[in-house]
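Structures are listed in the sections that come next.
What follows is chain A paired twice: with chain B in the first complex and chain C in the second.
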Partner chain A sequence: MKIKTRTNATLWLVVLLALPMLARAQDVKIPPDVEKLSARAKETVEVTMDGPMLRWASKFLSAEDPEEAKCAKLVANLKGIYVRSFEFDKDGAYSAAEVEALRSQFRSPAWSRVVGVRSERDGDNVDIFFKLENDKMAGIVIISAEARELTFVNIVGPLEVEQLADLGGEFGIPKLNPKDLSKSSSKAQRGDRR
Partner chain B sequence: MKTLRVFLLLFCATTLAFAGDNEFRGVVHAIEGHYGVRHMHIPLLGFALFFVRPEGVSGLKLAVFEDFHGPTAPEDVSRVVESSLGAGWYPFIRVHSKNDGNDDGETTLIYANPSGGKLRMMIVNVEPSEATVVELKLSEHAIKQWLKEPGEKAEDQSAHRRHHADD
Partner chain C sequence: MTRMNMDKDDSRMDDALRNALRRQEAPDGFADRVLARVAQQNLAPNPVRHDSWLRFFTQPIVRWAALAAVAGAMILGVHVYQVRRERAEGEAAKQRLMLALRIAGTKLQLAKSKVNEMNANQTTNRHVKE
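After this line comes the complex of A and B, so read on.
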């Protein structure tokens, strides 16, 4: 009887210790589909900035420069910025179906696609997805697919659509057109999904 | 004679700084132990690095390994490097370039150690025949540049190092 009680206690202890790890595992920073692409890429660039690094980095953005001051406020509240950029040596190194499979991971109820740009001429496609938690923005994913380049950006933490433009050009995040974002923002607030 | 004394003093100071840095030596020893290589002895390296360094960089330390024949995949290299880095070091940038479709290309790993107004960086570059370990401290201006375009700066660092190796 004593052995059974001890076994149960050990089991509970293991479950309790494993819970935070399980919670972390659900918060996917980079989907496995993205990591697989590096095997075919000519060059892979990965930028990882976790919470402590971001809080520290925000101190280096100038309080005197209004643009940088806005960015610093934003960055201090973020949990992480993860960028993966792949460059391929020929067109068609990755298929449209692979990018579509990647996009489909963000078509769950928690995510909304707010920007979807398709260029027939250049073959450049940009998608921006927002994660909502308790009616608040909790993360952003940007997927930019060009003929020979694919960039995946995951920003974890509270952020508004308009603020994304402030982050563009910093920490390896591509620059985004504020006009496109503000249009998309109003659609997102109305609950439109494309 | 006075010049010689100043020279010796500076040489000793830079050598002592090298000896005092356990993390840099830890990474160098981890690479030596794992891949069975020895870093090159470059006479007066500490003295040379004291005078010749990129803008905004201080505390430069360098170890070069020639005849390196280990796997250059980022996963292999990061396992070796991370096993010897202590707390406070964060993986920051990882760049991997392939050699004409060959998996054994070039890998650059950059780890950051932020504290106060300083940023220490440990840069490990591995190629099929050569590896280098660099530790440096960045000034505030250099930190801003790195934070603005981390990927580009990492590629520049890699190209800069390649250029020096070719010379």
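After this line comes the complex of A and C, so read on.
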């Protein structure tokens, strides 16, 4: 009886200790498998900016520069931006299984895939996942797997779809219409299933 | 020249020398005047020390003020250095942030172009079937 009580107490202790770790695991940042790819990459871009760092960096964004002002507005409520981009000097430097392992982390009820593009012609695959909390966007993950480039973007925090469109339209890139995204997602996913 | 003449000349020279080198008493008050002059010279300030700018720092308040000024300048220098370093780090962080947004934007654009491509293909296929 005593032994059983002790075992129960130990189990509770383990559960209590593991809770913060589980809570942290819910908030996906950079999967460890992605970090390993940098060893094989020709060029690696790593950007890790959590909340305080984002707020500090945004202080240096000029309000007079329209581009920087938009960026400041965009990142105002974000909790983090994590980017890993790997450029390889030859095709097939990473396996499909590695990318699939990456994608599988976002096949949970918290995440919904809004865009999934599979191009057999040039081998460019792009997935966009939204995290919704109370019908509001709480994060976005972009996984772009190209022949010689693999990019993982995780933006954590409340991000309005309009702001997302601005993000796509900045830096000389045409604006991404949110309506196009929602329309195209179903078509793209249909194409993916094939 | 005879010997008698020579002796007369010598005697005259001796008289002249004796007259020139005879003991004379100092004028009245000479010693007092000399002592007074010496005392006056001792009292007078050193002309070299009087002209030196370093003498300015011999006063304690000036010394403390100079020390405070040096310390203030050092603190200001460190502060300026820290502000500049913080600004440089902030600019670098801003560039990283812009880069991250640029990459995210580029990939969103890639997704959009692919989706548009697929839409265009589907529309073409539909028209062909019709």
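Observations on the model:
Operating definition for what follows: the second predicted complex is superposed on the first by the 124 of 194 C-alpha atoms of A that agree within 3 Å, B and C clash if a C-alpha of one lies under 4 Å from a C-alpha of the other, contacts with A are read in each partner's own complex, and residues count from 1 in each chain.
FYI, contacts are C-beta pairs under 8 Å (C-beta built on N, C-alpha and C of every residue); 3 or more make two chains touch, one makes a residue touch a chain.
On a predicted model such as this, the values are computed, not experimentally measured, just so you know.
Once the two complexes are laid over each other on the shared chain, residue contacts for A:Thr44 go to chain B alone; chain C is not touched. In the superposed model, A:Val153 makes contact with chain C only, not with chain B. Within the superposed three-chain model, A:Val83 lies in touch with chain B and with chain C [touch as defined at top]. A count of residues in chain A touched by chain B and by chain C gives the higher number to C.
By the touch criterion stated above, A:Ile128 is placed in contact with chain C alone, chain B being left untouched. Contact with chain B, but none with chain C, is seen for A:Pro52 once the two complexes are overlaid on the shared chain. Of the two partner chains placed around the shared chain by superposition, chain C is the only one that A:Ser119 touches, whereas chain B remains out of contact. Common to the chain B and chain C interfaces on chain A are residues 45, 47, 49, 53, 56-57, 59-61, 83, 85, 169-171. Only residues 74, 90-98, 101, 112, 114, 117, 140, 143-144, 147-151, 154-155 of chain B touch chain A when the two sit together in their complex. In the complex of the two chains, the chain A residues touching chain B come out as 38, 41-50, 52-53, 56-57, 59-61, 83, 85, 89, 169-172.
Residues 45, 47, 49, 53-54, 56-61, 68, 71, 74-75, 81, 83, 85, 115, 117, 119, 124, 126, 128, 142, 144, 151, 153, 155, 164, 167-171, 173-174, 176, 180-181, 184, 187-188, 191 of chain A touch chain C in their complex. By the touch rule above, chain C contacts chain A in their complex via residues 87, 90-91, 93-94, 96-112, 114-119, 122.
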